[in-house]
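All remarks here apply to the structure that follows.
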Amino acid sequence: MIYISRDAHFCAAHKLYNEKWSKEKNEEVFGACANENWHGHNFDMTVTVKGRVDPETGFVMNFKDLNRIIKEEIHDKVDHKNLNLDVDFMKGKLASCENLVMEFWAILAPKIHEVTSGKASLHCIKLKETNKNYAEYYGE
Amino acid sequence: MIYISRDAHFCAAHKLYNEKWSKEKNEEVFGACANENWHGHNFDMTVTVKGRVDPETGFVMNFKDLNRIIKEEIHDKVDHKNLNLDVDFMKGKLASCENLVMEFWAILAPKIHEVTSGKASLHCIKLKETNKNYAEYYGE
Amino acid sequence: MIYISRDAHFCAAHKLYNEKWSKEKNEEVFGACANENWHGHNFDMTVTVKGRVDPETGFVMNFKDLNRIIKEEIHDKVDHKNLNLDVDFMKGKLASCENLVMEFWAILAPKIHEVTSGKASLHCIKLKETNKNYAEYYGE
Amino acid sequence: MIYISRDAHFCAAHKLYNEKWSKEKNEEVFGACANENWHGHNFDMTVTVKGRVDPETGFVMNFKDLNRIIKEEIHDKVDHKNLNLDVDFMKGKLASCENLVMEFWAILAPKIHEVTSGKASLHCIKLKETNKNYAEYYGE
Amino acid sequence: MIYISRDAHFCAAHKLYNEKWSKEKNEEVFGACANENWHGHNFDMTVTVKGRVDPETGFVMNFKDLNRIIKEEIHDKVDHKNLNLDVDFMKGKLASCENLVMEFWAILAPKIHEVTSGKASLHCIKLKETNKNYAEYYGE
Amino acid sequence: MIYISRDAHFCAAHKLYNEKWSKEKNEEVFGACANENWHGHNFDMTVTVKGRVDPETGFVMNFKDLNRIIKEEIHDKVDHKNLNLDVDFMKGKLASCENLVMEFWAILAPKIHEVTSGKASLHCIKLKETNKNYAEYYGE
């Protein structure tokens, strides 16, 4: 079993705000992240796929395919967007790093399975919000 | 003459949008950066100050003072903010990297002069919007 | 289960020196790291916590709390310090990366359990001494 | 159990080309990586070793020994080389990241066992081909 | 005057070899870089352009245009190529960082002048061959 | 005129302490940097040399020579050392970044002139103490 990883980057606006709470409680819990006028980040994303190496190609999965899937399924839907307002799969959810990686997983896992005919599978998604904070999800 | 530099980081939302233009023209010129619902970045800022070394301290300027000025005069006004909506000195201006560094200069240059009693002066402000794009200003 | 990570940095002096050995044996085993007058590093530390996502906050654990714990329990005790002389929990221990991460674990694990009421737990501490060397500990 | 890691870097040329296929099929599968005149990379390699901490040294394994093994067994055989033409253990194999980490494992695992008298063992080899692509192998 | 910079990356093979010299002299001067079977790098390139800020756009030059010029005029001609064999403008020249930045300058300077109608001009090209070595050229 | 740069790294202990002042004044001016038991850093140093390109080599100066000079004249005298106690050329001087780059200049400038027979000259020394602070010196 070999693990291959591909990085992607996107720039987006968001805020952390629970609509069921008062403005005061949001600011208490989320601090500056609750700013009603939004803030934003350069998000760094790493997608890790595992599988056996195909002796014909030396690949677990062609990086070109992995790159295309990440671009079409995630990057183009979140880059230069507002994660709370513009992204279908985040509607009604808190736009935290944790929720983002779980939603990304739900989209990428079946797609990677399909494109590789089940020979490779999604292993981990890592999402870095700043140089200091990140979340990782292994699908369970 | 020695040059010292201090880095700072802030996370903010913005859009590039000229209110005098149609939505179509904004999208043509600014592309995805014109998204009406905003996007955002982790901005990396480097402030460079020049001066002679004080033999008593070995310093051009105390890094603690430089850090405090950057934090109070810039960081706290832009971090976790919307650069178009929340920042007084950007009102009515396009929130491009170029305009940001020039506004930062106008704020920091006199402050650094004042705190160092004219012994040190601002040399350059560099502002990095993404890992690939940045702007620098030397005050003229 | 989601894993969240927070980075911290500290600057410290140390030496690798086993008091039970001769100076020659120390230099043979530890090389330049045994220099009696100390050397130092910018240490980069990553603390990873695991848990389920709270639907109210979208968080495994509030990054503000994690940040505060790391700062109060570790950073403020080791930053700009001598790891051999100034740090209580390293007294009588070799100040290697390996021993440091195990001591950090002993301090942070119960604290994270307490602050999150057992909803999240420490998963890994990574400590980077230079751009080339680091140690990781998973608690067992 | 503690995990220690050591980074190494090498610069090498390679191409991805399956000699059993036509030029067209190679270009279809490997894209620009199939360029017959080669291309190259700065490869970043991380070798992770696991074991218990020796109380006499505070070490899982002396970084000097780990560094020497990586240098002699891998670095000096691949740095400033053509991975397809100059490297004995890659002869007849596709010079993909995946195949490289598996070959590196076969060389380093017994050597680390030998030098540490079985007290430490190879845990992972990570090989980064570009800022965006990497492979990891855990030996099985 | 504001300076804006854009980064680009390419992966290429090359060797440093003066055809007028013996193999021995090439190895003496260029060391491992003279390996006849090539080696390669991930090159990091920074292109800096200077000019006044256009009040309509807030830009010295549209980053989209700068990006397109770098891609078409440089990146696509050198990425996944052999700098000695595949690149027209390097024919008969030593493929050192120094010569590369001077050739890149000769291509980019008139193109940037043309695309910006002379409002902006090329200021510097920086080319990084490894994490430790780079060259910069300011056009004279 | 082309500028070439070479990076080097060293790990050292130091403190900022003016012996003519009280302990209180040192702590007021230098803060935690005045800790009497030292602290330390991974210093990153960039040495930039300028000159014309030699058509025989494509080099301003052979990187091997530049590397050797930096190693012998600076790195080996400061790496894994105490900058206040172990380094001859820092005796009696405040071990600030500013003073370090000026002392490094005094050593490297004549050596580079000598080794290149005056064909290349030292242009800049940059010294980075942490990820946030650095000093640069251009020799005057």
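Chains here go by letter, A, B, C, D, E and F, matching the order in which they are written, and residues are numbered from 1 within each.
Quick note on the criterion: contacts are C-beta pairs under 8 Å (C-beta built on N, C-alpha and C of every residue); 3 or more make two chains touch, one makes a residue touch a chain.
The structure presented is a predicted model; accordingly, all values stated were derived computationally and were not measured.
Chemist: Give the chains in contact with both subunit D and subunit E, ordered by label.
Modeler: A chain counts here if it touches both subunit D and subunit E, and no chain qualifies.
Chemist: Count the residue numbers both subunit A and subunit B use at their shared interface, divide by all numbers used there, and answer same if that is over half, different if under half.
Modeler: Counting which numbers both chains contribute, over half are shared, so the two copies meet through the same residues.
Chemist: Report the chain whose mean Cα position is at the greatest distance from that of subunit A.
Modeler: So the chain farthest away from subunit A turns out to be F.
Chemist: Let me spell it out: compute each chain's centre from its C-alpha atoms, then which one is farthest from subunit B's centre?
Modeler: Result for max centroid distance from subunit B is chain D.
Chemist: Please work out the Cα centroid separation of subunit B and subunit C, and write it as a whole number of Å.
Modeler: 34
Chemist: Can you check how far apart subunit B and subunit D are, centre to centre, with Cα atoms defining each centre and the answer in Å?
Modeler: Measuring from centre to centre gives 42 Å for this pair.
Chemist: If you average the Cα atoms of subunit B and of subunit E to get two centres, how far apart are those centres in Å?
Modeler: Chain centres of subunit B and subunit E, defined by C-alpha means, are spaced 28 Å apart.
Chemist: Got the subunit F residues that touch at least 2 other chains?
Modeler: Residues 31, 131.
Chemist: Can you identify all of the chain pairs that touch?
Modeler: Pairs flagged as touching, ordered by label: A-B, A-C, A-D, B-E, B-F, C-D, C-F, D-E, E-F.
Chemist: Using the touch rule from the top, collect the residues of subunit C that touch subunit F in their complex.
Modeler: 9, 11-14, 31-33, 35, 37-42, 79-82, 85-86, 130-131
Chemist: Going by the contact rule at the top, pick out the subunit A residues touching subunit C in the complex.
Modeler: 16, 18, 20, 29-31, 93-99, 101-102, 131-138, 140
Chemist: Over in the complex, which subunit B residues touch subunit F? Could you list them?
Modeler: Listed in rising order, the residues are 1-8, 48, 53, 56-60, 62-64.
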